[in-house]
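Two complexes, one shared chain (chain A), two partners (chain B, chain C).
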Partner chain A sequence: MSSLRVGWLFLRMGVINELQYRVNFFVQLLQSLIQVGTALVMLELVYSHTNALNGWTQPELLSLIGVQVLLGGFIHTFIQPNMQQLMQDVQQGTLDYALTKPEDAQLLISVRMVRIWQVVEIVSGVILLFVGLAGVENSIGVGDAIAFGIALLIGGVLVYCFWLVMTTGAFWVVRMENVLELFEGIYQTGRWPVTVYPGWLRYSVTFLVPIGFAVTVPAEALTSRLQWPTLVFALGFGCAAFAFTRWFWHFGLRHYSGASA
Partner chain B sequence: MPDPVVHVAELTKIYKVPEREAGLRAAAKALFKRQTRDVRAVEAISFDIGPGEIVGFLGPNGAGKTTTLKMLAGLLYPTSGEARVLGHIPSKREREYLRRMTMVMGNRNQLQWDIPALDSFELNRAIYRLQRDDYLAMRDELVELLDVGDLVRKPVRNLSLGERMKVEIVGALLHRPQVLFLDEPTIGLDVTMQKRIRTFIDEYNRRHGATVLLTSHYMADVEALCKRVIVIHHGRILFDGALAALADEFAAYKTIGVVLENGGAPLDAYGEVVLNEGDRVSIRVPKAETSRVAARLLAEHEVLDLTIEEPPIEDVIESVFAQPAAQ
Partner chain C sequence: MSVDVARLPEAGRWRSLYDFYVTTMRTAIASQLQYRVTNYFYMLGMIAEPVVYLVVWTTIAKDQGGAVNGITTGEFAAYYIVWTLVRNMNIVFGAPFWEERIREGRLAGDLLKPMYILHYDLAYFAGWKFVVVVLWLPIAFGLSAVFHPTLSPTPLEIVVFIFAIWGAYLVRSMFQGTIGMLNFWTTRGAAVFDLYIATEMLLSGRLVPLQLMPGWVQTLANFLPFKWTFGFPIESLVGNLSTRDLLLGLCAQALWIGIGLVLFKVAWSSAIKRFVSVGN
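Up next, the complex of A and B:
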């Protein structure tokens, strides 16, 4: 409970910090508009040639893109700034202060930063999602909605785990930025359902970089494609990934040497 | 003797650092095969610190002071040996331990840069689970002791270095820690501010009975605060004892000051004359010969006054640091 309070206070402070930089809001707005615009143009282009892509209609795919943008916004708002800060702290040895606090260090390093203006991206994701869903023929049941919520949560956890494991690598390999930039590139594959990709790529973006789980599975839930066993499997995978991440983080901490001795 | 607050036995830290020749070729080679070298930052050091002691930790840059402090604060895993603080093993980073200690590093800040310190204090209050009344009482006490006043309401980035340090210290002590690890708390501060911080540490130690382990390059800090010093050099302990005894052990010379009745007599034969002002003369003599030279002076001249002085502590430390690494 108290840990939640710590998380909340950090969030609040991050927001206060960021509100000072209003220009970021407009920059972010523009960026989101461009992002959404290009996605829509691409979608139009593809569906001017076909009615369904691997069984996905245009409105369904629009919802999927909505999920992808939404989750991307979540990453940019909460995950990425914290991981970048962590990387910097490991490089410069400034992680010390987080480690001398009587609070779970993983929690502290995960909630310290928030780029509140990136919320614009989350909002545009939600809009795309609703516009897409409005065009979908089958109605969405309560079960679908719940499954969507669970799947999205698992997706968020998986992406967080992926980032933290990668960033923890900074304890050994001091410069990890490039690896994380690679993620941005790979994340764009999430704009299409993972099922359109050939086998090896499908497995990579499902298990190695968990974009398949994070984007496709929630979108499947909304479009009544999701099989319950998949959701259960995703849940198990999410828990396992979280446990592994926690272990790996502690393992990495042992190798922290605090840049300046 | 009461149980020591800090107990260190045979504590060792070895860093593995990558090493390669300069140049492109070596850099390319290092891509595939990393050569590492062991750096023995701290080597089998042992000491105990009792409750309420203020101990100065002295040594040149790279001696192993910060590494030791960081091991005691639970930031670094020792390679071998034992460290215990307040009965806890620091590297386990148990909350009960972390709640009772603090670490202040003069060259780093933990307060959020863009917002007033008060907001950062609130965060610490949540992290340390402090009751509102306790927190407010302690905050006000510290604010008063350090004469911080309204500085806590300004964004930290608008504070001067000295002001920031004071505010940092308030933030680091809100939870009434019983053990303080202070790494160069006065670095870069002007003399007045150094004095202020020094007085504060002394006062905090007295009021709360806290144990303090302090590193500083300013001997004035050490002289004012620490009865006991531990000198560390090349990762090993060279000296552990009273500050006054340090000079006895390491000073190579003493200074004999004499006031002569008839004045002006040449005293070069007794030692190196460092001051000659009429009838007042200071002579530097090797430590071992001090009493012999003093006796000769008394026997051979009309001496009105004679003093024997230890060299300034800076000079003593310098001669300690000049020692080569023990093999």
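Up next, the complex of A and C:
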């Protein structure tokens, strides 16, 4: 309960702080339009040469892009700013300020920053998702919608775990800022169903970098492709990844000696 | 002692410029070799982009009987593997770096240095390329082993390619630097940078080979700088461009380097008047 209260407090502070920079809303809007526009051009180009990509029709793939943009917005709003702050704190030795507070350190370093204007990206993703689903022939049942919600939640947790594990590497490798480029690059693989990729890449973007679980599985739920065992497996994998991340964070923390003392 | 006082300063100027470039490049190599992990992170993130395009187009090509618009799966592989090298060469001191330089107050120190500001960035990033190419080699071998590119360049194509990737580096440096000047007027230039990159993606051959684009896009691309930073260097090695097209491409790059340099100089002289430094 205390954790929720702390999280909520930081969220409010982050929002209030960001609301001072209202022009950023329009900047973000323009950036989202550019991002979505580029994705749509690529989609048009691909479907001008084929009717289906590995069984995915154009509206279905548009839904998948919607999920990818939506989740990307969530990452840019809540996860990435906190992880970048953590990297900076480790480099500059200012992580001590978070560690000396009487609250769980992992919680604190995960909720300190919110870039609220990135919510525009989430809205863009939702719009794309609905436009795509409007063109899908099969209707979406209640079960599909519930499975989508669960899969998206698991996807969010998995992406958080991946980010935190990578960022924890900053305790050993000081210059970790390019992990952002690494993730942004690999996240682009989520614009296409993981089934398109050859085996080695499919497994890499499913288990090493959990883009498959985070984007393709929710999109499969909406297009009635998802098998329940896959969802159960994703849930188990999500729990295991979270437990591992928690352990790895504490393990990394033991290697942090601080710089301010 | 007889010294040709009229000629020495000019000769000395070029000599010292050469020494400066060599020293800065060597410094960049020594410095960047220390950060191999972070360089590899950057590179791995970057190669995801062409690998995705490659897989998608290979899948479509296989569905279509082995080719899309005459481009076979092996040619797609060659295009996107060479893409990764060209992309590495195309990393320049661009607009986001300018933003950081101004925000963190480093520009004030840079202004005290005796040479034109462009030289420092061009020299450092040029040195970095040598590290990048060494780190790129195992990735290129890995991608080639997986995707089986069809690549048989002639000696002339290889020579033109070497010039073209450095030409692309210079073209992109000039235009990215010019866009970077926007940071002197606004701290929210990110959307403009994104627009520039999106335009580049569509008109340069970065997203897909320009052959796959509609005819009007291909025509438009000929008259803009973007194609000469991606499409042309790649095509010079993997395409079957005639000798005339290869040489014309190098001339087009030279032209765009000149235009970019003029634009940068105009933008810089206007922008620097707005710069105010506060501090010790």
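In the analysis below, the second predicted complex is superposed on the first by the 259 of 261 C-alpha atoms of A that agree within 3 Å, B and C clash if a C-alpha of one lies under 4 Å from a C-alpha of the other, contacts with A are read in each partner's own complex, and residues count from 1 in each chain.
The rule we apply is simple: contacts are C-beta pairs under 8 Å (C-beta built on N, C-alpha and C of every residue); 3 or more make two chains touch, one makes a residue touch a chain.
Note that the coordinates shown come from a computational prediction; the quantities given were computed from them, not determined experimentally.
Chemist: Aligned on chain A, chain B and chain C: do they clash or fit?
Modeler: On the shared chain A, the partners fit.
Chemist: By the touch definition at the top of the document, which applies to A:191: first (chain B), second (chain C), both, or neither?
Modeler: second
Chemist: Scan A:176 for contacts with chain B and chain C and give back first, second, both or neither.
Modeler: A:176 sits against chain C, while chain B stays out of touch.
Chemist: Scan A:37 for contacts with chain B and chain C and give back first, second, both or neither.
Modeler: A:37 contacts chain C only, not chain B.
Chemist: Thinking of the overlay built on chain A, is A:23 touched by chain B (first), by chain C (second), by both, or by neither?
Modeler: Only chain C; A:23 stays clear of chain B.
Chemist: So if I put the vertex at the Cα centre of chain A, how wide is the angle out to the Cα centres of chain B and chain C? Nearest 10 degrees is fine.
Modeler: 90
Chemist: When the two structures are laid over each other on chain A, which of chain B and chain C touches more residues of chain A?
Modeler: Per-residue touch count on chain A favours C.
Chemist: Quick one: is A:46 in contact with chain B, with chain C, with both, or with neither? Answer first, second, both or neither.
Modeler: second
Chemist: Who does A:242 touch here: chain B (first), chain C (second), both, or neither?
Modeler: neither
Chemist: To be precise, I mean the smallest distance between any C-alpha of chain B and any C-alpha of chain C in the superposed model; what is it in Å?
Modeler: In this superposition, no C-alpha atom of chain B lies closer than 5 Å to one of chain C.
Chemist: Common interface residues of chain A with chain B and chain C?
Modeler: Residues common to the chain A contacts of chain C and of chain B do not exist here, since the sets are disjoint.
Chemist: Which bits of chain B are touching chain A when the two form their complex?
Modeler: Chain B reaches chain A through residues 15, 41, 62, 64, 66-67, 70, 73-77, 93, 95-99, 101-103, 105, 108, 110, 112, 114-115, 119-120, 122-123, 126-129.
Chemist: With touch defined as at the start, can you tell me which chain A residues reach chain C in the complex?
Modeler: Within the complex, chain A touches chain C at residues 23-24, 27, 30-31, 34-35, 37-38, 41-42, 45-46, 49-50, 53-54, 173, 175-179, 181-186, 188-189, 191-192, 196-198, 200-201.
Chemist: Would you mind writing out the residues of chain A in touch with chain B in their complex?
Modeler: Within the complex, chain A contacts chain B at residues 2, 5-6, 9-10, 13, 16-17, 20, 94, 96-97, 99-103, 105, 108, 254, 256-258, 260-261.
Chemist: Contact residues on chain C for chain A in the complex?
Modeler: Against chain A, chain C makes touches at 35, 37-39, 41-42, 44-49, 51-52, 55-56, 59-60, 63-64, 68-69, 146, 188, 190-191, 194-195, 198, 201-202, 207-208, 212-213.
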